[in-house]
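By letter and in written order, the chains are A, B, C and D; residue numbering begins at 1 in each of them.
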């Protein structure tokens, strides 16, 4: 089944590289232009669960890699087994400078919080997203904290380290 | 209960009762909370020391913080601490509240808790076993006996400084100061 | 002071108020208050007076009589004082309303007509005053127009059915005995047949049952209470509806006579047992329907029905404790239901007409007087010890239990527990809990609204601790009706099967309250905190959303809602719809075409000729 | 005698109530293979609460809890404890109403705190009360109809001949029904829906701390005492024990031993509740209502019918 899908993908899309590391897992590397059509194609093929959006910061290549994890479940609910679930990892790379990409909300509505999270943690702008407001972080980080060039040690020293102990503060005041 | 104890009870019943009736707010922040269920159930039975968990800070006098404290949790911790009635004691459990522990370089985990609220005792370890909770409690008893568990008094005295530290991390706080001039 | 003069003052005062309203509104307010307070003074001077005067001779050969006795005085003083309080309350409540002349006119007219009803010594006066009361009530219920008009029509239709029944009864009495004087009728009725007595009892019971809203005849009440202006709702629920109780007392214990009434029928199928069971149903079902209401006034209205059941059970059970309890409960019910309606009215006034239980809350900090009124009102409604409701309910329970009617007692006690739930919801959703931001600044209720609330709250406590005061009058009423006298002292009732002494309970609660208040004061002083400094699992307290009101008893609603429908109302509505559609189809003969009318005339004449030719009737 | 009872019976009730609270914690611990707290632990808790500095949400927040505690003490005066009964006015009906005032005071106080957890807890409390009042009222009416009196003292005294109420077989069904609803009256599991600490942060008392909490604990102790004592008074004959005290009749010893017998009977009844409490999980409020309106109501209803028919 998953091999059939590989053949179909290779036939329909000319710029994909498909690997099957395990029986029920498939990774698809693609160009960013054809991602949207791939996602909608997969949805039509029965891969109707958008499980997660992840991101890797390839700082040496000056690129972000976005990973869309999409799964399909067998129709037969009663005899469901976990190994019958199939995952597809769609990987695409975008430029790290002024990073931006297109939203897939039109295909999978539940992508909204994932894209917000990625926007918050990596600073990738998703065009067409209805509200890219802060999701989890409360503080103002100059560089998004999950980027590789965010120096946590230095940041911690500058913020939490700079809070004086009560004793110091009392003496400093006096 | 020996004769010595009875004398202490007559002298200061409130203090002794505080010692032997810890009603605890378990602030389940990190992995430390997994050590709490064994400590209050059959295996270690904290209730024999009068320690029972309660649901709201209003009824508690011991505040147990079990694990790392992110900045967002810090606000909740401060609110909860301020809602507890005095006298109240704070015990931080595990290494994370002491110096950040394994989250020493995290971008949103504070490194030492006692800059923001007063901590009366630390139980070190990653994680400490339930026995360590009881050792911590016995140490806290000794501190209370010696009147050294005075975190709530320090908080009252140095409230301005604590508040300044809290605001330095959390920005402007959305609740009014606990101690204004009239109820100090 | 003769009774005619009293009624002349009452009726002419109403017209005078209306006329002075044409001159200036201040003058009208003054006149209205003066008239109503004057009536209170006059009636209270008539205490312990037993007179009977013929005020008009020769009304078709019937002499119209007014008489005063303890029963009449008891109801009269209640009517005039509650109306006076409501008039004082109206001064600011109705200030900016349109048609306020008309409002005061109707209020005083209703007051006067109720006074005439209780003073009437013959059935014609009674009927005429009853009609004046019904019609003017209809006009005031529909004062707010729109929805109120529907409620008013519902009321007047049922009320007319009642009046017709009463008219039939009065006519039959007149044709049988040739007199309508109540005392004479009672004398004539003693030797007459059981069937005729039963006929009279049933036909009058329909009239008074509609007025007192006994269960199958109650449907006019919830809408009418909810839609009329609050001070009038208070009068309506407090005294006007209880004219039904007065009527029951009159027909059962004065006209037919106590001993006869209690022995009509056999076993379960006797008149008073059936009436008791109707009363028991009236206690239980409306009380539970009240739990579902989201409109404060509607909730109180359903309780108005439910509490009426206690009076009926007490009166119909036919023991001296029961009758005393039923009559006393009429007075008590009036005090606390008037108080509750006035408190709700104060909220309406302050929040610009809000009385939805789901959108208010936390008002006890802003309106302490109205809150204490509400608290004491619901305490009376439940019957918490030290409030007057406790005493009257105690009398009823005791007689039911010792009279071997445990199922009636169960219904009554169950109704009380249902009352606890629904009135707590009322108090909680209006006054307790979080105060919404938009009600931080509200209009302050003026003094004229607070004074009646304070007086009534005081009355509730007074009659709760010293129940002997009203029970003394009630005792003379039940003695006049032929019951055994109760052994009453100022603190309560003594009898060999258990005494009630409010002094004990009052002293115990006062002493323990003082002790624990003292301990509370001596212990460490507590810090006052804001409502937003509240436990929310460490999160910030959300403003305006931290109040649990909607579907307050959700688990019960899920279980009970399908069973708690007002099926009688639906049944009557179905009948009304059917009549409407029949009339609609009848109307179709008016085609608007001259030819068809000509055809009708021709057909009619043809049929007449046909009839004449066949049977030769004419 | 009445004057002595005025001072003694609240003390007995308070001490016994606190003892029962401690005992129930200890017994539950032992059933769960724990050592358990010392038996005087509730007293320590109350002293601790008193020594703490509480918060208040306004005057009414204080008023409710004071009303609740003082009316609970008044309730004790109406309850025959052994042979002591300070006040008899009003009988069982006044008793029922006073039983209502304790929870009502807490409800007022809890709702004044403006905490939705409290409100939910109170809503559950009243629903549970409605649920168990139906069988309870039937049971009490059965007893009152059977003995043809509304006075609690008389009900106890009539039982002195047979030692308990079950000498007359018509009262067995109501007795069973009362035992079935006893955990609900005491607020124990499986009916611990009101102060559910894990769901609604201990319900009505979510905002109580310091002296408010201490007052609440005392009130709860009295409530537990009353719930059990009512059963002992109505069905187990109060101070009587099959004529054991007859030789002492009229002496002070009869009163003292009467109280001791009474408390022993109460402990016995408490144990029944505790064994259920220790092993059962909690009902949802709907399940609790359905249960209470099914079996206990049916049993007590049949009991009432039997009593009415055999009268």
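Here is the rule we use: a contact is a pair of C-beta atoms (placed from the backbone, for glycine too) under 8 Å apart; a residue touches a chain by one contact, two chains touch by 3 or more.
The structure presented is a predicted model; accordingly, all values stated were derived computationally and were not measured.
Chemist: Determine the set of chains touching chain A that also touch chain D.
Modeler: In this structure, the chains that contact chain D and also chain A are B.
Chemist: Taking each chain's centre as the mean of its CA atoms, which one is farthest from the centre of chain A?
Modeler: It is C whose centre lies farthest from that of chain A.
Chemist: Please give the pair of chains with the highest number of C-beta contact pairs.
Modeler: That would be the chain pair C-D.
Chemist: What chain is most central when centres are computed from CA atoms?
Modeler: Smallest offset from the overall C-alpha mean is found for D.
Chemist: Taking each chain's centre as the mean of its CA atoms, how far is chain B from chain D in angstrom?
Modeler: Taking the average C-alpha coordinate of chain B and of chain D, the gap between them is 36 Å.
Chemist: Find the geometric centre of each of chain B and chain C from their Cα atoms only, then give the gap between the two centres in Å, rounded to an integer.
Modeler: 59
Chemist: Provide the C-alpha centroid distance between chain A and chain B, rounded to the nearest whole angstrom.
Modeler: The mean C-alpha positions of chain A and chain B differ by 39 Å.
Chemist: Scan chain C for residues touching two or more other chains and write them down.
Modeler: In chain C, residues 527, 533, 535, 537 touch at least two other chains, as defined above.
Chemist: Would you pick out the residues of chain D that each touch at least 2 other chains?
Modeler: In chain D, residues 50-55, 117, 201, 206-207, 210 touch at least two other chains, as defined above.
Chemist: Give me the residue numbers in chain B that touch at least two other chains, ranges are fine.
Modeler: In chain B, residues 56, 58, 83 touch at least two other chains, as defined above.
Chemist: Which of the chains touch, listed as pairs?
Modeler: All chain pairs meeting the touch criterion are A-B, B-C, B-D, C-D.
Chemist: Residues of chain C touching chain D in their complex?
Modeler: Touch list, chain C to chain D: 362, 364-365, 375, 382-385, 390, 394, 397-398, 401-402, 404, 406-407, 409-410, 413-414, 417-418, 420-421, 424, 427-428, 432-435, 492, 497-502, 504-505, 508-509, 512-513, 515-517, 520, 523-529, 531, 533-535, 537, 546-549, 552-556, 558-559.
Chemist: Touching residues of chain D toward chain B in the complex: what are they?
Modeler: Per the stated touch rule, the residues are 25, 29, 32-38, 41, 44-45, 47-55, 117, 197-198, 201-202, 205-210, 213.
Chemist: Write out the stretch or stretches of chain B touching chain C in their complex.
Modeler: Result: residues 27, 56-58, 75-77, 79-80, 83, 174-176, 183 of chain B touch chain C.
Chemist: Could you please specify the touching residues of chain A with respect to chain B in the complex?
Modeler: Contacts found on chain A: 137-139, 141, 145, 150, 152-153, 155-156, 159-166, 169-170, 173.
Chemist: For a test of understanding, state which residues of chain B touch chain A in their complex under the given definition.
Modeler: Within the complex, chain B touches chain A at residues 71-72, 100, 104-108, 110-112, 114-115, 118, 154, 158, 161-162, 164-165, 168-171.
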